[in-house]
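First, the structure itself, so that you have it in front of you.
Read from first to last, the chains carry the letters A, B, C, D, E and F; within each, the first residue is number 1.
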């Protein structure tokens, strides 16, 4: 089985970290292909960058020229998943949803700890639309930007632990979701520090994608995610920068 | 006052119809500038096309090189409004929201009549995120595609009236919103046929944009719609096709 | 165009302040007529007074003997708007709704800062019924009574700013609505102090009423706001005190 | 124990029927006093009439010059209960709430069958504000006006049974609430015809009022229903028509 | 009239205290029979113990060999009420629901003060399913276990008062529900200390059960609570320990 | 890895069918152990039987004397999962939740097709509590009892297809969940007949349980699902019938 995992930003190092995390959890026999968009922002922390990422991810995935069985979109709270679902016949899994649906098997309520405060409403809104918000105790910001997380993992751990502890104590979260693709690999440390299960969205998404493939399930095409109608589309595919 | 009104598809005739409708309701002294995206689909009827439109509208608006006081995004249920709000300092009004918030002053519940069934969930989701869904009785599809509406307005009226009547009778709607930028100009006929107030989103959006400007109000920059952080963004602005 | 703006309490000075605020934002060609109820409380701060105001406003508006194009009810969180909608054929706009629907164009969430704590549940309930509560981050009380606001505007500004700052910081509001007709005119000071857009309900209501009239839209009469049935009504109109 | 039960309309015959129904269920030792408002509409079927009733009921109750232990407001979906709660120290029970909270002990979901379609949204809104709407399967209109119910009870039974059967079959109601004070006394017939429990709001309200008194419980005065502040109120009490 | 009141734990002293509280509020002519389950935990503070109690209560009630008119389940937030409703033809009242529906007549919002933090989600979930959660301001834990409450009532009062005061001040509760069958009898002290109405679920349940019986109402058998179908059931009735 | 899959009824043939279905989807290296409760009903179709099953499943799982890595509860809409989560340290997955969370990756809304109408509210309530109800378009009953499904699979397929088609057409479901453990194995036929993805809860649960184990995740013990406190419990473990 081959799974494409698309980063939402243009930072190759993050793509690599995500793919490495995915490979660590993937079943033997699952090949993980990391994709970096050909255009967009070096980190995605807001609506403009997120909308640009949505298109850049679709563009990059469509440009992949081999066969594959599923696609993971590895951005937390980002736009675009529904577009991929229309364009593809294989299952599409967003790490925001994957972390949340996994967390709900582990406790009565979960919290997300993410990067900057400005991204909190985006994550809340995506969870609301995915129907996975009811058991969300809170979405909390660590205050660190995506690239700061990358640059200084230990500072990241401290900032995440602080918010995770508040989520458990004040918001009554029983599980913590790591709310950024770039946090992949920090889960074990944070679990040790907080004493609650910590869900990494990339890992969760890999297992869900594998499971869907194994069960022969893919996106329903009867309504919302039907293949786009045949029509004139200017400037697509973009292959921008190629 | 100058208001930019951006079509979401690349069909110039629709841009012109929208701008004409906007001018009909605009206050004297308001200049309406219609903008057609430089790339994207000839009609927007699903998530992929909507995400592409989101970026194409932002790109087109940023490329406009004169001063302006407000921007209207003239797509029903489309993505992108939040991105414009981040990028601009002037108010941004989406016609989906404008029709809904206006309808809520006219009756206890409203329904939207739109084009194809596949776009219904998009509209519902956008209204949900905008916080304007509580008094929505239903979103109903006429079954006509955007370009069919354009090509045969009389058939469009019949199809819309049929669904509007069902919305009033079965869903207990008291007001009808025309759920497509391309329906601009049909409101009077449909009101006469159904006996309930009919709200055209383009007209509503013009009055709201004018009002915000007149009151000196614009988008809050403290959190969700703060200006994007300074960072490396590849392939932006696109100016695709120019 | 002539717009009646009805105060909900019997304090003439507040009616005048409200009308003055309305005139400041009204389009040229719009005539604003302030109306003070002939009976009721000198300030409205609770359910009994609010219900009495509902009837007193209806009574006063019906007694107005010239033509008019729209009516604004200038009480925050008060009862009665639906009754006016039944009795009149012109549009009716409540300032509670007007502030909220306007605020929703400016940020992801808004808060209301009002007078006494006892009025908070009334405002929340009115917003809930109007379908405009989903994006309400909080309703906060300044602790000042309506007449104290009138008597000492600078103290009012301080008390409002304190709660507005908490709303932005703790409740994640991005916009503030001034939750009392008597706060008209304080918006600019509070915006400067808090750095977020501040919406005055009276101003917002004027622009909405004008817009509805301009678009030829008025209350739907098919169900909830149908004209009262012809029947025996004792003691109406009241013209109490005349 | 003495309980005042206030009709919301000015039709004495309905007051008498309500009081009779109340006496039929009241405990021995409970005295029921029926009160008819001194002003207002002969039947209440909409917002204007309901707001007028709110004030007329408060006025009439305050004018009652003997001691009493609780007050029942016997209108379905009407305004005013919160005002009475502010003005009085004894418990206040609305029959809309009483029927709903009682029905919830009897089945998983309940429906209300009321008079005219135009009153349906009022009832829904009152239940929503009372926090008793979650298990409401539907509110259905029999199509009969209040005074038609009075004039032809057998026709009323047929019309109510028809809607009750639809509620059970289509809306999955397991209990029916009779949604009009004037339906008092029809419950047994409708239960026999539909096979589900039928709750009469007047009866339910009497038992709840008695229970609150017996437990020594009354309205909380710490916030929403605190006694109105001392202030100048013109035209109150009204004693209109006396 | 005879009412069975079933304790959910196996501690006889609590059964007696509950029955005594029930008798104190019961109408003359109402006989209260306290039942202690024949198996289960000495106190119920979590899901396993609550599920076991559900079965133990059903088993104990079915083993009661005399006639009775209603059953009260005296556990706060416990499972099982729906099972009893299926098995019996007489009304079944849970004290969690009884306290909540009673509190809603007394204030705009209520809070529950219970025992251990771990039981808070159970209570919230039961109120949610009963449709009585909308006006719940909070469920707060006193930190005392059920048997600690029994052992040291004065310490219990202090712990409950502390949380009740926070509920009133911070969560805006206007009424307090005592969230444990074992708190029966403490209501008066806590009302004096907090100044808000305090509802004891056992007392409330007795009055509701009596009222249902008096009105001739019982559980609807058309759907959710229909009598179990005739089928093979191993190990039932249990009569465990007899 | 060893996964216990517990049937909720006492019919061995159903346990075997469930285990067979589980084995069909399980990864190589996963051992599936089917468990049949030692007491309870031969089929579970209501609250009493479901509560009894809850205890019987806990009892049977605790009696299993080998090591295991996860537990699946294979009843649709049944009680008890939270109790298992308290008693065990390994992950617990309910097939109701598993089907729903899986379906949400495949379409915008899903419907459940189950057995008898009386079980519909139980399933709705369980999904509500699990936080997976927002995207549920409907729960529909095929009208067949559990044992009828077993006895006549082809009749079952017809009855399920009929409701699935209505769910897609009328309720706008895009995915169907098979709402009964006994429907295992019918998914492929129903998918072919309806053209939408069909999710079997048993299969979904196996993949989720495997995934949780692979990621080293298990139930949070900080609050709701903490291990029961040490206390006196009479009649436990039951080992009833052994």
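Criterion: a contact is a pair of C-beta atoms (placed from the backbone, for glycine too) under 8 Å apart; a residue touches a chain by one contact, two chains touch by 3 or more.
On a predicted model such as this, the values are computed, not experimentally measured, just so you know.
S.K.: Enter the minimum step count from chain C to chain D; a value of 1 means the two chains touch.
M.R.: Minimum step count, chain C to chain D: 1.
S.K.: Which chain maximises the distance between its CA centroid and that of chain C?
M.R.: That would be chain F.
S.K.: Compute the distance, rounded to whole Å, between the mean C-alpha positions of chain A and chain C.
M.R.: Using C-alpha averages as centres, the distance is 44 Å.
S.K.: If you average the CA atoms of chain A and of chain B, how many Å lie between those two points?
M.R.: 29
S.K.: Among the residues of chain D, which ones contact at least 2 other chains?
M.R.: Only 108, 121, 172, 223-225 qualify.
S.K.: Can you list the residues on chain B that touch chain A in the complex?
M.R.: Contacts found on chain B: 10, 38-43, 45-52, 54-56, 58, 79-80, 82-83, 85-87, 117-118, 121-122, 125, 128-129, 145, 223-226, 228-229, 231-236, 238, 240-241.
S.K.: Note which residues of chain A are touching chain F in the complex, please.
M.R.: My answer: residues 25, 27, 91-93, 97, 101-102, 104-108, 130-135, 168, 172, 174-175, 195-197, 199-200, 203-204, 207-208, 210-212, 214-215, 217-220, 222-225.
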